[in-house]
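After this come two complexes, each holding subunit A, first together with subunit B and then together with subunit C.
Coming up: the complex of A and B.
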C-alpha cells in the first residue's frame, strides 16, 4: 500500500464521514435525540483526524520530492528550498481544496467541542451545515481533483514552484485567507441552525462571535500579506492593484467588519436580527466566491496560476447555498423581528448602522467594478473593464467617512446621549484634529492633496479619541478603586478586553489608512535606463549604478533560482550613503528546444526588489537587465555538448559582468507606506486583545436573594 | 483495489468512534439550557459593568445611567430566576 493510496482512502472515508455527519445532524435536529447529535459531532472530529492524515501524507510527499504524486511533480522540484516545498501544496488547485476542507474540519471540531454543552437545539443543525460544506469540497477532491493522483511514469525532476510564489509572505497568504474564509463558515452554520430552530436570540452570536473575530483577523492579515508580496515581489511597486482576486478577498472582510459591529447591537439591544443573519450569509457567500474566483479564470487576474474546471460546480454550490439560506430568512422573518426600537438618533447603535451601510456601500462598489467585465459583456456583448481610477475615485471619499465614523463610535453610548456629555467627549479630540490640520497646512506640503490632508487629520482624531477613552476610563477606575494609574489602566483594559481591543483596532485602521493616503498621494516614481556610473535623482536621493552582478545558484533571497542578474547601486541622501542590490532571478524552462543554456533565460523571471524601509518614506528599487547583448554567447553555449552547459553559463555571466549593457531601473520613493503594515500590526494586536478570554468566563453558582446575589457577583465581574 | 483495503480499515476505525454514542441511548427530554443561560448572565453582567464605566467616565448622565442600570439589573434577575428554575 502506497502513501498515495492511503491518502486517497482517507479522502474517500472523509467524504463518507461528512455525509454521515450531515444525515446524523439533521436527524438529531428533527428528533432531538442527544446520542445522535453526539455521534454527528464525533463524525466531525473524525473528519478532522482523517484530513490531518491526508495533509501529513501530502506534505511528506513534497518533502521527499516524490514525483510519483502528480501534484508534487507539477509544482515542486528537488532544488526547491524545503520551506517552499512545505508550502507548495496550496499553489495547486487540489492542494488548495485540501487545505480549505482541512481548516474547516479543525474549526468545526473546535466550535462543536466548545458548544458541546450549549445550544443543544441549534448545534445539530449547525453540525449538518458545516458537514455539508465539507462534503462539497470533499466531493470535488474525491471525484475530480484528487490531490493524491499518481503518475504512471514519474519524471526524474519536477517543474518546481511558480517563481512568483517564492516569497515568504506569499506562502502564508493563502492559509491566512482560507482561515478567514473558513472561519466565517462557523457563524453562518450556527445562524442557519438558529433560523431552523427559531432560536433567533443572541445565543448563537455569543457562541460564535470569537470565531467571526478570528476569521476577520486572519482574513485581514492574509490580505495585508498579499499586499506586502505585491509591493516587494511583483516588480511594479504598488501594494494594491484592484485585481479581481484581491477584491474578492476584500469583500468578505468588509461585510465581516460590518457583521462584527452589528452583532453587538443584537447582543445589547436585541435589534438587527434580520440584518445580522443577512450579513453573515453575504459574508459566507463572498468567502466562497473568493475561493472560487482565484482559480476560475472567469476574470483576468495576476492570480491566474492555473485554469480550473470547477467553475460550474462552484457556481451551483454557491447558488444552492444562497437560495436556501435566503429562503430560510424569509420563512423565519416573523421570528427575526426586533425586540427593541432605536431610542434616539444620537446613539451608538445608529452609528453602528451607519458604519454598516458605509462598509456595504464600499463592498457594492467593489463588486460592481470587479464584475463589470462580465456585466458589460452580458449587456452589450463587449467586455469592458474599470481600472484603479474607478475604485480610487469612489472609494477614497467613502473611506474618509468610514474613518470619521470609527472615531465617533467610541464616543457614543448605547441608547441615548445628551448634548452635554457629547460636547465634553468631542472637545479634545476635535481640537487635536483641527490643530493637526493647521500644522500640516503650515509646515508640510500635505495640502497638495486634500483627501490625504483630511485623512491625516481624521487619523489624529481617531488617535485622540482612543487616547481619551483610555485616559478617562483609567481615571474613572482610579476614582472607584484608588489604584495607582498604571494598575488602574492595566486592570481597566484587562477587564474590558473586547471594548479596548476594539479601540486599538480602530487606531490600527486609522494608521493603515494614513499609510495608504500618504503613499498614494505623494509617491514619486522614475523609470530610467542607466549605464554603469550614471546617476538618477529621485526626491532627496541620488542613485548611482555602480556595477552589474551575477549570482549562479546563490540568489540573495534564497528562492532557489539558478541564475540571478542584478546591480549594485550607491545611494546618497544628504550625508547618508548606503548600497542597494536589486536583482532579477531567472528560472529554467522545461522546453528543451531552447537549448541547454537558452532554457535558463527562456523560463520565468522575477524581480527581487531591494527596499530601504523608513518610517517617513521608502526607497524602492527594481532592475530589469537587458539581455539582448547576451544572445551571441547563449547561442554559442547552446551549440556545445550539454555536459558543458555549466561552463557555458559561467561564460555568459562573465560576459555580462565584463561588458555590461545599460539596465532598466524603476525607482520609487513612497512616503509613509510602512505605516500600512504597522497599522496592520496594531489591528492584529487589538484583535488579539479582544479575543483573549475575560476573567468573567469563570462559572459562578451561588444561591441567595437575587438582588444581593447580583450585587455580589457583579463586584467580582 | 489497493485503495479499498486502507479505506475499509479507516472506515472501521471511524465507525467505532462515531457510532459508539448510539449504543447508549440518552433521554430525549427538553434540552438543558443551563450553559446558555450562564452565558447570557455573564453577558448581562458585562453590560451592567459597561454602563457603569460609561457613567463614571462621564459619557452617560446620572439620570440615564440609573434608568439603564435598573432595566439591565431587572433583566439579569430574570435570567437568575430562570437559572434557578432548572
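Coming up: the complex of A and C.
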C-alpha cells in the first residue's frame, strides 16, 4: 500500500470515526450513559491520532518531493527550500482543509481531556458538535478534495510554491489563523451543549474560556503576521488594505474580543447570558465565513482563489449551523434570563457592554463594506464596491472611542461607583493625557492630524491607567504584607494573572493603535524613476541610486529564486549614512515557449523590499528594474543550444550591470509603524500572562476536587 | 420611574440609534461606492466617471511605455475588449492572462487607470 493510499484510507476512517463520535455523543447526551460518553470522547482522541498520521504522511511526501501526489506537484518542487516544502501544504485548498480539521481534532481532544471529570451533562453534546464540525471538513476531503489524490504520470518537477508566499510570516500566518478559527469552535460547542442541557450558568464558560483566549491570541497574532507580510513582502508598502479576506479574519477577532470581555460579566454577575451565547455563535459563524470566503471566489480580492467547487457546500453547512444554533437560543430563552440587573450606568458591567457594542459596530461596518458588492448588486443591479476611504472614515472615530473605553473600564468597579472614587481613579491618568496632548501640540507637528493627536493622548491615558493600577495594587499588597515593592508587585501580578495580563493587553492595543495612527496620518510616499547617480529626497532622507546589482543563484532571503535584480542605494539623513539594497526576484516559468533563457524572466517576480526599521520612523524601499533593454540579449540567449543557458543568463546579467537603464523605485517613510508590531508583542505577552495557570488556581482545583470526593463519600456513608 | 417604562425608553433609544446608524451606513456606502464593470458593460459608460474595470488581461497586448503600461482587458468569455493606459503601481502578480480590477475613468475610448488589484493566481487553484 502506497503512502497516498494510506493517507486516503486514514481520512476515510477518520470520517467514519467522526460520524461515530457524533452519534455516540448524542446518544450519551440523551440517555446520560457514562460509558457511551467515554466512548465518544475516545473516538475524538482516535480522530486526532488519525489526522496526525495524515499530516505526517503528507508532510513526508512534500519533504521527499513525491510528485505522484498531485498536491506536491502543484505547489512544491525539488528546488523549493525545505522550510517552504514543509509549509507549502497549506497554500493549497486540500492541504488547508486538512490543517483545519487536524487542528480541530487536537484542540477537541485537549478540551475533552481537561473536562473529563467535569460537565458530565454538557460534554457529550459538545463532543457531538465538535465531531459534527470535523465530519463536515472530512466529508469535503473524502468526497471531493482529497489531499492524497495521485497523478497517473507524475511530472519530473513540480510547480514550486507561489513565490509571493515565500516569506516566513506567510508560512506561520495560516496555521495561526486556523488555530484561532478552530479555537472558537470549542466554546461554541460547549455553549451548544449548555443550551441543550439547560445548564446555562457559567460552567461552560469556565471550562472553555482559556480556549477562547488562546483562539483570540492566535487569531490576533495571525492577522498581525499577515499585515507584517503585506508590509515587508508585497511591493505596495501598506499593512492593511481592507481586502475582503483580511476583513473576514478581523471580524471573528472583533466579536471574539467582545466575547472574552462579556463572559466576565456572566461569571461575576450572572448577566448577559443570551448575549454571550449569541456572541460565540456569531464568532464561530464568522470564523466559518472566513474559511469559506477564501474558497468561494464570490468577492474580488488579491486573495481570491479562483473557481472552487466548495462554495455551495460551505454555504449549506454555515446555514444549517446558523439556523440550528439560533433556534436553540430562541428555544432556551427562558433559561437564559439574567440573575441580576444593572444597578447604575456608571459601573464596570455597563462599560463592558459599551465596549461590546462598539466592537460589534465595527464588525457590522466591516461586514457591510465587505459584502457591499453583493448587497448593491442585489439592490440596484450594478455591482459597486467601497474602498479603504469608506472603512477608514467610519472606523477611525469608532476606534478612538474603543481605546478610550479600554482605559475607562479598568477604573470602574462592579455594580456602582461614587463620584469620590471616580475622582480618585481618574485624576492622575486624565492629567497625564492632558499633559501629553499639550506637549504634543507644543513640541511636535502631531496637531496636523486631529485623529492622530487624539489617539496619541488616549494611548497615554491607557498607559497611565494601567501604571496606576499596578502601582496601587502593589502598594496595597505591601501595606498588608510588608513585602518590599518588587516582590509585592510580582506576587500581585502572579496571583491575579488574568486581570493584570488583561491590563497589559490593553497597553499593547493602545501602542498598536498609536502605530496605526502615526503611520497612516503622517506617511510619505514617492514613486520615482532614477538613473544611476540620481538622488530623490523624501522627508529628511536623501536617497541616491548608486548602482544596479544582479545575483544569480544567490538569493539573500532564502526563497530559492535563481535570479535577483537589485539596486544599491546610498541614504543620507543629517550625519547618518547607510546603504540599502532592495531587489526583485525572478522565478522561472515552466513554459518552454519562452525559450531556455526567456523563461527565467517570464515567470513570477516578487519585490524584495529593503526596510530600515526605526523607533520613530521606517524607511521602506522597493525597486522595479526595467528589463526592456535586455530583450536583445535574452533573444540571443534563446537562440543558443539549451546547455549554454547558464552562460547566456550571465551575459544578460552583465549587460544589465554594464549598461544600466533607469529603474523605478518606490520609497516610503512611515512614522511609528514599528510600534504596531511592538504593540502586538505586548498584547501577546499580556495574553500569555493571562493564560498561564496561576499556582493558586491549580491548588484550588485540587482542593475542590478533593472536597467534592469527600462530599460524595460522606453522603454515601 | 417604574422599571417597565424605563425598559421601554431604553429599547426606543437603542432602536433609534440602531436605525440612525444603519441609515448612515447605507447612505455613506452608496455615495462612496464605485461600480465594477466588465469591458462589455463599460463601453456604454460616460467619460469622466470613475469606475472599476474588471476582466482578463489580453494575451500579447501588454506594452510598456516609460512609466505607463498599455494593455487590453477583455470579458472572461472573450466577448468584448477595452484598451487600458495604466500609470499606477504594478502589483507583483500582474501578468498577461491574469484577472485584474483597474480603477480609473474613460478618456477618448481608452480606460485610464490609476489603481489595480490582481487576483492571486496559484493559491488554491491548479494551474
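FYI, the second predicted complex is superposed on the first by the 694 of 717 C-alpha atoms of A that agree within 3 Å, B and C clash if a C-alpha of one lies under 4 Å from a C-alpha of the other, contacts with A are read in each partner's own complex, and residues count from 1 in each chain.
We take it that a contact is a pair of C-beta atoms (placed from the backbone, for glycine too) under 8 Å apart; a residue touches a chain by one contact, two chains touch by 3 or more.
All of these numbers come straight from a predicted model, not from anything done at the bench.
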item: Partner chain(s) touched by A:5 [first = subunit B, second = subunit C, both, neither]; value: first
item: Per-residue touch tally on subunit A - higher for subunit B or for subunit C; value: B
item: Subunit B versus subunit C as contact partner of A:91, first or second or both or neither; value: second
item: Subunit B versus subunit C as contact partner of A:424, first or second or both or neither; value: first
item: Contacts of A:654 with subunit B and subunit C, given as first, second, both or neither; value: neither
item: Touched partner set for A:631, first subunit B, second subunit C, both or neither; value: neither
item: Doubly contacted subunit A residues - partners subunit C and subunit B; value: none
item: Residues of subunit C defined as touching subunit A within the complex; value: 21, 25, 28-30, 32-37, 52, 54, 64, 66-67, 89-93, 101, 117-127
item: Interfacial residue positions of subunit A with respect to subunit C in the complex; value: 70, 74-75, 91-93, 96, 159, 162, 164-165, 234-236, 294-295, 300-308, 361, 364-365, 368-369, 372-373, 376, 382-387, 389-390, 393-394, 527, 529, 604-607, 624, 628, 664, 666
item: In the complex, subunit B residues that touch subunit A; value: 2-7, 9-11, 14, 17-22, 24-28, 31-36, 38-40, 42-43, 45-51, 53-54, 56-61, 64, 68, 73, 76-77, 80-81, 84
item: In the complex, subunit A residues that touch subunit B; value: 1-2, 5-6, 8-10, 12-13, 16-17, 20, 31-36, 38-39, 42-43, 45-46, 50, 117-121, 202-203, 206-207, 267-268, 411-418, 420-421, 424-425, 469, 472-473, 475-477, 479-480, 495-496, 499, 694, 696-697, 699, 703, 706-707, 709-710, 713-714, 717
